[in-house]
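Two complexes come next, and they have one chain in common, subunit A, joined by subunit B in the first and subunit C in the second.
Up next is the complex of A and B:
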C-alpha cells in the first residue's frame, strides 16, 4: 500500500506500487515509442504484403527471387544462356550522369531563383518559362533528348538538368519573396552593406526553401534519369531495367526498380535529411523564458 | 553632441489596396532635438510617429521637407529598436548583434556581451532567437542598438507587444542603460505612462502628423511609476491629451 494512504488511514484502498521500467529497456511499449522501430514495422508490413501477393498471383516475383537475381547481377554470374550479370557498370554510369546533371542544374536553378525572387522584371521574363519546365513530364524530356542527342549520355544529363532547374528556381524565388521586409528595413536602418545583406540575410533567409528545392531536384532528377535511360539510352540503371522487362525476366525488372527506389531513399535518409537537420538547428522551440531569466 | 533637425516634414502615402485614397502621415512637422535628451513622441494611431522615425533612420523618404541627424557636423550613427525584435532567426544572439557592425573583433564580441549583460542577458549569446522569449528577444534588440554606439537612438514602441510585467521590466533596463550612456533618444509611444517615466520632453502629435504640444518633464531619475510626482505628471499629460481630443490609453490606472 502506498505510504500516503497508509498514513492517512484510508480504508479499503490499496495501490499497487508501479514497477519501475528502465528507460532503455527493450519492452514492446518502449520500442513502439521509437521512430526507427515504427519505420521498421512499416517496411516489414510492406514486405509481408508483397510476399502475400506472390502467393496469390504467380506473375508477381517473390522477394527471394529478386534477391537471388540481384546477387547474380552483382557477382556477374550467369542468368542462363548468353546472359550474364551486370551491376557496377550501369549503376556507376547512371550515378555519374545524375551527379553531372545536378552539379549543372542546381546552380542554374539557384541563380534563376534569386533573380526571379528579387526582380519584378526578371519575374516577368522567366516565371512562365520556369513554370512550363516544371509542368513538362519527364517522359517528354526523354523523347526530346533522344531526338536531339540520339542514344547517348547527354540526353539523360540534360533531362536531370532540366528537371532540377525549375524545382530549385521556383522554391528559391518563393524564399526570396518571403524574406521578412522588417529584416530588410532593419538592415537598411543600420546601414548594413549590400554584400553582407546578400550573404547573411538573403542566403540565410532563403536556405529553408533552397533546401526544399534541392531535395525535390534530387528526387525528380533521379526519376527523370530512369525514364530517359529507359526510352533513350543503351546503358544505365533505367536501360538495364528495361532490358530485363523486354526479355520478360520480371524478377530482373523489379530488382532494378527496387534498387532505384532504395538508392534515392538512402540518399534522402543518410545525406539530405541529416544535412537539413544540421542547417536548421536554429529553428527550435523556446528553451528559456523571461521568468527563468529573472 | 547629436542634433536632429526636422523642417516642414511632410509624408503622403499614395493610394494603395488598403487605402484607396492617399494618406497624409506627416503634415509639415517642425521639431529639433539637441543634446543628450530623451524625447518621447506621443500621439494616437495615424499621427505619423513610426513614419517620422523611419524617415530619421533613412528607411523611408519624405514627400517634402527635410530631416538632418548630425553628430559634430557629420551624419549621426543611428541605433533603432523596433516594435518587434527583428532578429535574424538563423543567427545566434551575438551574431545578430555583430551583423549590424562593420568591424569584427574579439573586442566587439566582448562589447556585445557587455550590453547583453546590461539588459540582463548574460548567458544567452550562443542561443538562437527561437530559444528566447519575446521579452528576451526585445532586450537583444535594445542591446544591439547600443552596440553600434549610436549618436541618435530611435525607439518605436518597443514594449507595445509585451505583457505589462515584461514591459515594465524592460523599461527599467532601458532607463538604467540610458542613464549610463545618455544618448540622444527619440522614443515613440502611445502610452503616456511610459513617456513620463522615461522622457525629458514629450512632443504630442495629432492625427495627420502635426505637432500639438511640447511638454518638458523635469523629474529626477531614475523614475518609478508609483512615485507621486510621476503620477501627477502623468495626470497632467493625460489631461492635455484629452484637451487635444485624442484617444489615450489610460495605462497609469491599471498598473
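Up next is the complex of A and C:
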C-alpha cells in the first residue's frame, strides 16, 4: 500500500503565469490575442461541435431546442399534455441536500485529516482506509445508499458526505505534514504561547490545502449527488434529468445537465477559487488553477 | 535487521546506530499500524453489517470476498474484466496520441495554450455522469462509449503534463547540445524525451485513475459487458453481495495499477536522477 504522500485531486494542471497582453490598436491581429476573445472562441468551438453532432446524430437535440425547453421549464409553462414545467422545486431540494451533506462531511473530513496529519500512528491506521474510500466510485455509494434508504433524502445526503470526507481528509493531512518543522521549533524557542502558535502555524499552514480539499469536496459531492438522484430518488435535479431522459425528451435532459454544470462552474468561479487564491496568497500557487490568468 | 548490521561499519558511533535502529523501529511501527488500520476497517465493516444493517443490506467482508473469489474463478470474470481493461487502455492510448499533438502545441505556442486551457478545463470540470449519459444518447449501447469517454477525460491530464514536462526542460542543455553540433533528432531523443518522461508518467497515472472510473460509469449506463455493467446488473437485482464483490475487484485493480505498475515504472525512470527528486516522501 502506498502512502498518502501528496495532495490528491487535480495536480499537474498548472501552468506558469502568462505574460500580460500588450494593449494596442484594435486590429484583427490584436483582437485575436485578447483573452476574452480567445475564451469566446473556445465557447464558440464547443457550441459548433455540439451543433455538428446534432447534424450527424438525430437523437442529439439542437441548441435552440434545449434553450426553448429550459425556458418552458423555468417559467412553468406547459410541455404539452399534463406535463408542466418545474424548476425551483427540484433545484432547491437538491441544493438543500448538497448543503446538508457538505456541512456534515467537511468537518468529519477535517477532523480526520488533522488526526492523520499530526500523528504517525494515526496515519498508518487510516491511510489505507482513506485510499480505498478515495478509490471507491461515487456510483457504488449511490447504489448502496438507494438500496439502504430507499428513495428518500438520506441517500443523496450520505453520498455527498462519503465523497466529501476523503478529499478533505487527504488534503488537510498533507497540509499539516507540510508545516515547516523549523517554524514550530522557532516559535517554541521564542516562547510563543500555544494558543497563538496553534492559530498562526496550524491555521496559516494548513488553510491553503484545506481550501483545495474543500473545493474538491464541493466538486465531487455535486457530481455524486447527481448520480444518486439519477438512480435512487424521486425528486431533485438528478431525478428531473432522469425523468426527461426516460420520457425520451432529450432536450429536457440535456438542459438539466447543462444547468447542473453551469451551477457548479459558477459556484467554483465566484466563490471557491477566489477564496482558495486568497488562502494561497501568502506563499504558494493554488493547485487547481490553470486558467485563471486568462 | 540484518541489513542494518551489514551496512554499519566499525567506525560508526553509537549514536548513529541508535538512530538507525530507531528509524527501523519507526518503519515497522508504521507497517504495524497500517495492519491495525486494516483490522479496524474490517472490524467496523463487521459491526455495521451486524448492528446497523442486516447481513442482507451489508454482507460481511468474508462473504463479499468469497463472492469475489467466486467471480474470479468463473468464466464471466475474464470476459468482463478484459472488456473493461481493454477499453480503458484503448481510451488512454488514444488520449496519449491526441495529447502528443496538443501538448506540443500548448508547450510552444502561447495563443494555443490559452485556447486549449479553457477547453481542457471545461472537460475537467464537467461532472463525469454527463459524459456517460451523453455517450448513451449519442452512441447508444456500444463498446465505443467507454473508450471515447475514457479518452475524453484522460486527455487533459496527459496533455497538460506533457506540456509541463516540455516547458520544464533545461534550456541550457538544448543550447549546449546545439553548440556541440547535435542533430535535432539527437536532441529530441536525448534531452526532451528523457527529461519530460517523468512528468508524462505522472499525467498518465492520474489519467488512468480518472479514465478507469469514467469507463466504469459509462459501462453502468451504456454497455452490455464490463465491470460497470455487472455492478449495475447486481444493483437492479438487489444483489448487494455481487455489487460489493465487483466493487472490490474494481478498486483492487485500480490500486494494483497505481501502486505496483505505475510506481515501479516511475521508480525505474527516476533512478538516474538524484535520489530526492521524483521519489515519494
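Heads up, the rule we're going with is that the second predicted complex is superposed on the first by the 245 of 294 C-alpha atoms of A that agree within 3 Å, B and C clash if a C-alpha of one lies under 4 Å from a C-alpha of the other, contacts with A are read in each partner's own complex, and residues count from 1 in each chain.
Quick note on the criterion: contacts are C-beta pairs under 8 Å (C-beta built on N, C-alpha and C of every residue); 3 or more make two chains touch, one makes a residue touch a chain.
Note that the coordinates shown come from a computational prediction; the quantities given were computed from them, not determined experimentally.
Asker: Just to be sure I read the superposition right, which of the two partners does A:275 touch: subunit B = first, subunit C = second, or both, or neither?
Answerer: In the superposed model, A:275 contacts neither subunit B nor subunit C.
Asker: For A:135, using the defined touch cut-off, is the partner it touches subunit B, subunit C, both, or neither? Pick first, second, both or neither.
Answerer: Once the two structures are laid over each other on A, A:135 reaches subunit C alone.
Asker: Between subunit B (first) and subunit C (second), which, if any, makes contact with A:57: first, second, both or neither?
Answerer: The answer is second: A:57 touches subunit C but not subunit B.
Asker: Does subunit A have more residues touched by subunit B or by subunit C?
Answerer: Counted on subunit A, the partner with more touching residues turns out to be C.
Asker: With the two complexes superposed on chain A, say which partner A:33 touches: subunit B (first), subunit C (second), both, or neither.
Answerer: Only subunit C is touched by A:33; subunit B is not.
Asker: Once the structures are superposed on A, label A:192 by its partner contacts, choosing first (subunit B), second (subunit C), both or neither.
Answerer: Touch partner of A:192: subunit B, not subunit C.
Asker: Is A:201 touching the first partner subunit B, the second partner subunit C, both, or neither of them?
Answerer: In the superposed model, A:201 contacts subunit B only, not subunit C.
Asker: Which positions of subunit A sit in both the subunit B and the subunit C interface?
Answerer: 290, 294
Asker: If we count contacts the way the header does, which residues on subunit A are in touch with subunit B in the complex?
Answerer: Contact set of subunit A toward subunit B: 180, 182-183, 185-193, 196, 200-201, 204-205, 207, 281-290, 293-294.
Asker: Which part of subunit B faces subunit A closely enough to touch in the complex?
Answerer: 54, 57-59, 78-80, 82, 84, 86, 88-92, 99-100, 102, 120-121, 124, 127-136, 148, 154, 166, 169
Asker: Under the stated contact criterion, what part of subunit C meets subunit A in this complex?
Answerer: 26, 29-34, 36-38, 40-41, 53, 57-58, 106, 110-111, 113-115, 117-122, 124-130, 133-134, 137-138, 156-157, 160-161, 163-164, 167, 199, 202-203, 206, 209, 213, 216-217, 220, 228, 231, 235, 238, 240, 243, 247, 250-251, 254-255, 258-259, 263, 280-281
Asker: Spell out the part of subunit A that touches subunit C in their complex, as residue ranges.
Answerer: Touching subunit C: residues 1-3, 5-6, 10-16, 18-19, 32-33, 35, 38-39, 41-42, 45-46, 53, 57, 59-60, 120-121, 123-129, 131-132, 135-137, 139-140, 143-144, 147-148, 219, 222-223, 226-227, 230-231, 241, 245, 250, 253-254, 257, 260-261, 264-265, 268, 290-291, 294 of subunit A.
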